[in-house]
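Look for subunit A in each of the two complexes below; its partner is subunit B in the first and subunit C in the second.
Right after this comes the complex of A and B.
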């Protein structure tokens, strides 16, 4: 019993430095953010902070602009997760095919968007891909006789364009993880599938996807958290416009905090983002663990 | 050398070293200035700062910050009391944000004989004073600026265009004097590629009017110029909003119609001056232009060079303030001095640059604000287009709106305008809904600030 307790105590000593560091770098800003969210805090009179309790939360939830930003964030996040995970699995599966040569080179090439600074990627896409007159997308469309839409200036297409651009940035992460996972699937399973007459897409559906489930969980969580708080890519692409069609929560919080100088409200929005993300992540992990546990 | 002598030599050396270090520190004054990007910042960094150091030994470091983060960075440093900058540049709309951190310049103005009367009264009220620091002078103007209307003079004077316009509207084609006239002219000149303009077949489409309409600052700046021309102040001296007036909705509907039907779609990506290349390249008949853009418009490589006419913004007929010409807010910026040990040295530099080198400041920065600037033959002859531009710009500055320098101005007026016009422009809210929300938000902010019950 005593030995067990010693072992337990020793374990705590090992994680203590990390725990202290985490408390400082994560806990302190979180607590400060929560503190400010309970106060009227304006940048122009920063030292005159008035305690208002949960009033900022009430004001945020009653604000249709907050609800609008929340809806856009949800669409943006789901769009990015579906696109990135879907493309990631597909590309990783193709990369893992026996016929593919120079795999290391391909993996390295696919990683470029991920290592690029999002704001640089956003500017590049804005001017070279989505630009109405000379952008690549419209050049291709025009080649096939199509119209040249204003991708980033039309409310109907701006959000789609930002989802695609952000997915371009996040998909390499999915490719990397799924490709690494695919290399661990025993060849015997593929051989057995082939013997049973499975084609490439049946192999993908019946062999690969079930084996990838834990990795899909991991990648999805990373992409959800990344997309949910995305700011710089969207800022570089549209600045939250046209209108409010790409004004996600982080841009909404920025505008409240910096443009309005209302740091109390900005922290309130940020804290609600934290709560939503924590709940979503917890639900996602719990539900998925159950399923993974049942099916694998 | 005995022990006593050694001690004395050591003490003497130490004292000498300390005195030398003290003298060196006294001479090594470095003034740091947070600047907004632009020709005036370049003039400070590349011309005035080196010249001042050469003359006085005082070093001036101009740090040019991105325009959209300048205020935030200065606010944060000021709140933190870091003393990172001795001076800061900003638009007077946000002077109120800094009132707790800047010094009253009045004693220094008196001590060094800075002549505030060199500036027009409107500039003094806008760029030197703040309602939040009554009775004090908290800044000096460097780049007071207000927008004006520019037109393609050669197109307006072309006989074919004049005849066609008269046939369509029953009056002469002339530079618009009212916003209603501008709408007609802008619609008239908006043409597709393949159509004819001033006797030539167009390769690319031409638009009747443009301004920066990008989300956030672009569309806000563009609309608020029109809004102030209606005579709206935002609120009266009792902090009662006047934005509930029907003229606000009238202006918004006019603006949306003008912008959506006569301006290029690309304008929705422009934040400030970037769209003026389109005017330079012969694709705009008229545009709203801030004076910083005149060099772009008159670029000798473009087709607008020598063909551009300048005038004040059009009059809003029926405006509630009785203005006789378009009345934008007075923008641009001024410089305040933070409460740092170098405050006095910083002011001495400003005095030297803006008053002892008054005309040179105009030459180098291409910014004009004092009476001497507009009277100067040297400045008027500096560029071939200045004889046309400067008198028109002087007229613009005669009727400008002076923003109330309260700390909440940015929140209630600038961002209020952003929210108002963004939602109407995009169709998310009706003008009435957007106006009601704006009035509600403004009232709530004033209540929270304690201005009203």
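Right after this comes the complex of A and C.
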């Protein structure tokens, strides 16, 4: 018993430095953000802070621009998750096929978009893919006799373009995780499927997808958290425009805090983002534990 | 009736074609950045035109080093990334080890990790 307690105490000594550091670098900004969200704070008169309680939260929830940003963030996040996870599963499944040669090379090449800085990726897509006159998409459309839309300048298409660009950046992560997971599925399962006459699509649906379920949850939460707080790529692509058609919560908070100098409201928006993400993370952990519990 | 051999070849080609298409989508933007950096007047020119390297030049790189103050920003990046890696390793390796040691009914490892 004493030995067990000793081991337990020693464990805490190893955890303590990390815990202190996390408290400083995560806890302090979080508490300060919450503090400012309860005050009227303007950059031009930073020292004149007036306590307003939850008034900033009420103002945010009654602001149609906040609701608009929330809706756009939700569409953007769902779009990125569906596209990245769907493509990730499909490409990992193809990569895992027996006939594929030079797998390591394919995986390495597919990872390149993920290691690119989002701003640089955004600039590349803006000037070379979505550009109205010379962009590749419009050149391909023109080749088939189609119109040349202003992808990033049209309210109807700008959000779709940002979702596709961000999915291009996030799909490699999904490919990597799903491919690693697929290699752990025993060959016997595939063999059994083949003996029962299962084709590639049936194998994907009845063997691969059920085995990948915990990994899909894991990748989804990573992509949700990443897409939900996305700022730099959208900023490089559209700057939140045209109008407010790609103005996600992080861009909205930035505009409020820097352009309008209203730091109280900016912190309120940021704190609501934190609460939403905390709820999503809690849901994920609950679901994941239930899934693990079912499997064991 | 398609022979099994032909079917197998068809599957190989289909898989490799699909992977090739995704590779082109993945690599086209970074490839265009490289092509743009190696052309003299890159802005507002067709991507295919840039890939032909008609105005090939390494001038952009020399400009980045001379006028762009590349080494200053590079040094900053190295300092930040090295510090981040060192701090993460120094803090997180003992933390992960410590987490494995605190098996207790009252304190749940997952909760501390989260």
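By definition in this document, the second predicted complex is superposed on the first by the 277 of 296 C-alpha atoms of A that agree within 3 Å, B and C clash if a C-alpha of one lies under 4 Å from a C-alpha of the other, contacts with A are read in each partner's own complex, and residues count from 1 in each chain.
We adopt the following convention: a residue touches a chain if its C-beta (ideal position, glycine included) is under 8 Å from a C-beta of that chain, and two chains touch if they have at least 3 such contacts.
Keep in mind it's a predicted model, so treat the numbers as computed, not measured.
Novice: Superpose on subunit A as described above, then tell me if subunit B and subunit C fit or clash.
Specialist: Subunit B and subunit C fit side by side in the superposed model.
Novice: Would you check which partner chain A:51 touches, where first means subunit B only, second means subunit C only, and both and neither mean what they say?
Specialist: Neither partner.
Novice: In the combined three-chain arrangement, what's the angle at subunit A toward subunit B and subunit C (CA centres, steps of 10°)?
Specialist: If I round to tens, I get 80 degrees.
Novice: Quick one: is A:259 in contact with subunit B, with subunit C, with both, or with neither? Answer first, second, both or neither.
Specialist: First partner only.
Novice: Once the structures are superposed on A, label A:144 by its partner contacts, choosing first (subunit B), second (subunit C), both or neither.
Specialist: neither
Novice: Quick check on the superposed pair: does A:132 touch subunit B, subunit C, both, or neither? Answer first, second, both or neither.
Specialist: Touch partner of A:132: subunit B, not subunit C.
Novice: Looking at subunit A, does subunit B or subunit C touch a larger number of its residues?
Specialist: Of subunit B and subunit C, more residues of subunit A lie in contact with C.
Novice: Give, as a whole number of angstrom, the minimum Cα separation of subunit B and subunit C in the superposed three-chain arrangement.
Specialist: Least C-alpha distance after superposition: 11 Å.
Novice: For subunit A, what residues appear in both contact lists, the one with subunit B and the one with subunit C?
Specialist: After superposing on chain A, no subunit A residue contacts both subunit B and subunit C.
Novice: Would you mind writing out the residues of subunit C in touch with subunit A in their complex?
Specialist: 8, 11-12, 15-16, 18-19, 22-23, 25-30, 32-33, 36, 43-48, 87, 91-92, 94-95, 97-104, 110, 112, 114
Novice: Provide the residue numbers of subunit B that touch subunit A in the complex, in ascending order.
Specialist: 72, 75-76, 79, 96-100, 214-216, 265-266, 268-269, 407-408, 410-411, 414-415, 418-419, 422-423, 425-428, 448
Novice: Contact residues on subunit A for subunit B in the complex?
Specialist: Interface residues on the subunit A side: 40, 42-47, 65, 68, 132, 150, 152-153, 155, 238-245, 255, 258-262.
Novice: Help me check something: in the complex, which residues belonging to subunit A touch subunit C?
Specialist: Against subunit C, subunit A makes touches at 7-8, 10-19, 21, 87, 91, 94-95, 97, 99-100, 106, 109-110, 112-113, 116, 120-121, 123-125, 127-129, 131, 133-136, 139, 168, 172, 281, 285.
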